[in-house]
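Next up: some structures, all given as structure tokens.
Next, two complexes with chain A in common: one pairs it with chain B, the other with chain C.
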Partner chain A sequence: MQFLISVIILSCVYAMLAAGFVVIYKSSRILNFAYSDMAMLAAYLAVTLTQLVAGPPIIALSICLVMGFILGVAIYALLIKPMAGEPIFSTIILTVALGIVLNAITILGWGGEMESIPFGWAQYYSLPGGVRVAGTEFIIIITTIIFFIAIFTFYRFSKIGKEMRATAENALLASQRSINIYFVTAFAWGIGFFATALAAILIGGNYQVSLNLGHVSIKAFAVALVGGMDSVGGIIPAAFIIAATELVVSNYINPRLAEAIPFIIMIIVLLFRPWGLFGTEEEIERV
Partner chain B sequence: MRKKIMGIVMSLVFFSLIFMGHISILDAADPYVIGYLSDITGDARHNYAPDSEGFRVYMDLVNARGGINGHPVKVIIEDGKSEPARSAAVAKKLIIEDKVLAICGLGFSRSQPPVLALAEKEGVAVITGYTGIGGDIYDCKPGSINFATGHNMNPDFHTSAYACARFIQGVKPKGSTVAITGFATPGARFWRDLQEKWLKDMGFEVVYGEDIPTDTVDFSPWVNKIAKISPDIYYAIEGSTQVIPQIIALEKMGYTKDIMIPDFTPEGDFAKGIKRVVGNGEWILWGGRWASAYEDLPAMREVQKALEKFGHQYPLSARHFNGWVIGRIIEEALTRAGWPCSRSKLITELEKTNVDTRGLTGGPIQFTPTDHHGPSWWKVYRWNAGKKALVPAMDWFKIEPKEIAKKYR
Partner chain C sequence: MRDIIAKSAPKSPYLKTSVSNDMVIQAFDTPFRKKCMAFGILIVILFPFMASNYLIHIANLIAIASISAMALNLLCGNAGLLSLGHAAFMALGAYSAAIMGAQFGMPFWVVVPLSAIVGGIWGLIAGLPSLRVKGMYLGISTLGIHYVIVYVLSEYQFYIGAGFGIAIADPKIGPFSLSTEREWYWVLCMMVLMCGIFITNVLRSKPGRAWIAIHNRDLVAEIMGINIGYYKVLAFVLSTSIASMAGCIYAFYTNVASLTEYSFGLTISYLAMIIVGGMGSVVGSIMGAFLITLVPFALMYIVDMLGITGVIKEYFFSVQSGIFGLIIIVFLLVEPLGLAEIWRRIRDYFMLWPFRYKPLTITKR
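So, the complex of A and B:
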């Protein structure tokens, strides 16, 4: 039972991380390789804000999420939008360079210090079956559920959500239907960075903030590919498959192999279903 | 008129340079050049970055006092970034381009083999700071290059593994069950294997042993097992980024039996970690070769004063003491060597080292031509919630590596 709880929590972390990756890809068809560095920067920013802003931590963390959204929009406006019309490969390389810059900023600003993000709920609970759960783990589960309900609702019912889906389907047609595709894509980048910051905060609160945070963020890439790069709904089962397999291997086979598991699953899925378990088949041609 | 203006401008530039410190009377003398290869960034940063700070401020102090034999000490600190290839590259730069007399620091065991090989080829002394995996360090040939002041991981006799087995012997009765995990690095793996062996010899039962990759974030696979086995004591041979989340996760799982960690976790990180513990944290033990900064000895205050004077990033820790004392070792060896000093002359003088650390260790740091490590003293502390400090749980005990190595060889 404790094992199942560990799987659920790790699945939530992976799902949150992959959400940021997929939302950005879905709207702009760009593989954002600055992702893990963005997560690290957001986590350190959250640490500083919780130290600077008085009152309950939720105030500082909300400011951090808003800043994440603004940074996403700014990066799109300043770096990604000017690359419109250029080969997609160039834009992807640009995100790699951006990641290196963000990493350098983080090391320069925070020196890679080990930190943690206080949630103000440092309690442990015993559940039936000898299961132990921390307050921070409840926060991870609840936040993930709320986030995914919100994102599904947003895509399905809001005007801008529908415009995002239309732009993702066919940007040219969407623009001919007077959808401001730049605004829509910028908004998607904002949501993507918001999700990244949220995931980073959850990791920083439950585990810790360190330069190692980038290593776990890399796994978001595997989750996104396994679920389908254009499928927000595919993230949850993909995250569960990867987290469960990883923990089965660490617990019952050999923990040294566990780190490779997300990527082994990714390779297997790419070999047999390159568009991912829940992705769209024609997507593969675009990738 | 133009000449006059030029003259004034040149004079102003010259005096500005003097006041900016670019030209000084001391700098006019050729410096002794010493390299310090640290891991200021990367996975091993938490363990080794404060060492370099301790070394730097000691050398700043030496230079402020007028240098050694009338010559300043130029310290070149390089960041190996916890990457063996980068460490090898910067070591090459230090040895070939900067022509350093010695390389200090170099704590990350993965980075040591390529650097030691190059240093040996070029005859450059290496004083490995916190962890050394040097070969024949206790029974070496005179003139060999490798010296160590910290946890040495010699294949013949691993002082740290033995000392940490003794720590457990000091705080737990015979027959107790022990779990051990370690960094997935050559040094820590070797340490864990030997510590297990010695613990068994001392009458303990090792019920769990495993490596943990250095970049792990989620420790639940290891923690869940340890909590389930519930050993009487758990020893984690890892740095702060590994041990702090494990302590938190183990407490969540209800495991609050003794957890012992080596002094790889600097006191600054320890203090951050203890804040995250829900209970009183008195099940946490911390031990090693250097005294904890929580003891507040006069020698520690001296280091603190130098840190404040010359600038620092990390709170005072045992890691600073290690760097500081390496500075003292270098200073004394260079003083004896005089000017000019060659690499081989420095090695000869390092072999005469006998430094009283004034309580920063349990006894002096001593090297001889055939022993580049010397005897070492070890101490364990336990967190005291009332005093909000690490307090001694087991007093200094001495290890004579040569004698014990014979027994276990």
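So, the complex of A and C:
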């Protein structure tokens, strides 16, 4: 039972991380490799903001999320948009390079020390069945549920969300119907970085903020690919599969193998169902 | 037929009139280039007689990086297959050196080709997803391969109880032993030369043309009768075996195989080399390896000279990687074809100087 809880919590973390990734991919068809370093930067930013801003931590954390959004829009406008028309290879390498720069900024700014983000709700609760759940873990589960409901509602009902789906489906046609695709894509990048920052804060609150955080978030690639790069709904089962396998392997077989197992699953999925378990088949560039 | 037989070298790259002229190795085709090459070879030969051991050490690192960058450029620049697992393939070579050379005591000249075979086998595995996916999905799958290889190697390192790395003795070939930088310098120069000629020859023969065709438009390439799957996997196998060989040589050179060295960051600095140097150009790989390998040493020199201390000195490694990142971003935004393209422009300018003609338009790929 305790095991199930930890699987659920880990899959929530992975789902949040992968969400930021998929939202960006869905609208701009760019794999954002700057992703794990962005998560780290956001977590350290959150640590500093909670120390600077007085009052309950939620205010500081909201400021951090807004800053994540603005950073996402700025990165799209300054770096990604000028690359339109270049080969996709160049754009990916650009995001990789951006990741290194963000990583260097983080290390120079914070020195890579271990920190933690205070949520102010650290006590443990004993549930029936001998399960112990921490307050921070409740926060992770609740936030993930709220976030996913919000993102589905956003895609389904809001005007920008609908425009975003249209752009994702066919950018040329969308621009013909007077949708400002640059604005929509910039907004998607903002949401992507917002989700990343949120995931980073949750990880930082529950575990620890350290340079290892980037390593955790690299597994989001695996989650996003297993679920299907363009499918927000596919994230949740994929995250559950990856988290469960990882924890089973780590608990019962070999902790070092657990580091590699998400990628092994990913390669198997890529070989047999490259568009992911829930992605659209035509979406992917196939040979 | 006469055109094909004509052997006379053209005075300028613009004046190529026959197939045989076009097939000549570019570095030697015009008188100007011949003089440049002769000058370059002279510098390479005279260098160890004038430089200090430290400078020769840097030159050796550049040589090893050039071999590895050429391998990556073959895969990414020519065949157009994104690989993010390059560091792991080098690690395979290094650990082949550790296992076969240090544990089983095989001689250097046996271990190097064997490491190439080990790299080739893993390249075959890494190349399999390229039959199904392309573009960035392939990049991610090679990233996955990277983690798998790192896991296997860390398991091995744990199994034999080596904490940080496996020590490797200096290689011996018969009575000769390669230990000082100066001795290594000649061996490495020969290796770079051999690799360069090998890759240039592959690129101007059938596989090279097939890769260019696949890179430009794989659908058309398939219609033209090119076996796409075969050539993609071939590119992977060739590239990884050369990379593995480079890793093996590097491990012998530094006398240690350590997993911390072959992180994802190493892949990125190799990608930086081929982007800065120029995608799909053998000379570009060497130029890129030269520049990117020199950056940390130059930075170290500047930091020492200016007497900078504090945060920058303390986290020097991340300053360095941040500057790598900035270099890549600037090159991608401003000059996507790299140093090789800048070099080509300068050369064309002076080739036609002072009587300028309208330059031929070169289509960007």
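Rule of thumb we're sticking to: the second predicted complex is superposed on the first by the 285 of 287 C-alpha atoms of A that agree within 3 Å, B and C clash if a C-alpha of one lies under 4 Å from a C-alpha of the other, contacts with A are read in each partner's own complex, and residues count from 1 in each chain.
Everything that follows uses one rule, which is that a residue touches a chain if its C-beta (ideal position, glycine included) is under 8 Å from a C-beta of that chain, and two chains touch if they have at least 3 such contacts.
All of these numbers come straight from a predicted model, not from anything done at the bench.
After overlaying the two complexes on the shared chain, residue contacts for A:274 are found with chain C alone; chain B is out of touch.
In the overlay built on the shared chain, the residue A:134 is in contact with chain B alone; chain C does not reach it. Touch criterion met: A:3 reaches chain B, while chain C stays clear of it.
By the touch criterion stated above, A:31 is placed in contact with chain C alone, chain B being left untouched. In the superposition on chain A, A:111 makes contact with both chain B and chain C.
With both structures placed on the common chain, the touch criterion links A:256 to chain B and to chain C. Of the two partner chains placed by superposition, only chain C is touched by A:83; chain B is not.
Touch criterion met: A:212 reaches chain B, while chain C stays clear of it.
When the shared chain is aligned, chain C comes close enough to touch A:266, but chain B does not.
Put simply, chain A uses residues 107, 111-112, 256, 259 to touch chain B in one complex and chain C in the other.
Considering their complex, residues 31, 79, 82-83, 86, 88-90, 92-94, 96-101, 103-105, 107-108, 111-112, 221-222, 225, 254, 256-257, 259-260, 263-264, 266-267, 270-271, 274, 284-287 of chain A touch chain C.
Listing the residues of chain A that touch chain B in their complex gives 2-3, 6, 9-10, 13, 107, 111-112, 114-116, 122-124, 126, 132-134, 203, 207-208, 210-213, 215-216, 247, 250-251, 255-256, 258-259.
The residues of chain B lying in touch with chain A in their complex are 41-43, 45-46, 184, 210-222, 224-225, 240-241, 244-245, 251-254, 269, 272, 276, 278, 313. Only residues 76, 80, 82, 84, 128-137, 139-141, 143-145, 147-148, 150-151, 154-155, 158, 218, 228-229, 265, 268, 271-272, 275, 311-312, 314-315, 318-319, 321-326, 328-329, 332-333, 336 of chain C touch chain A when the two sit together in their complex.
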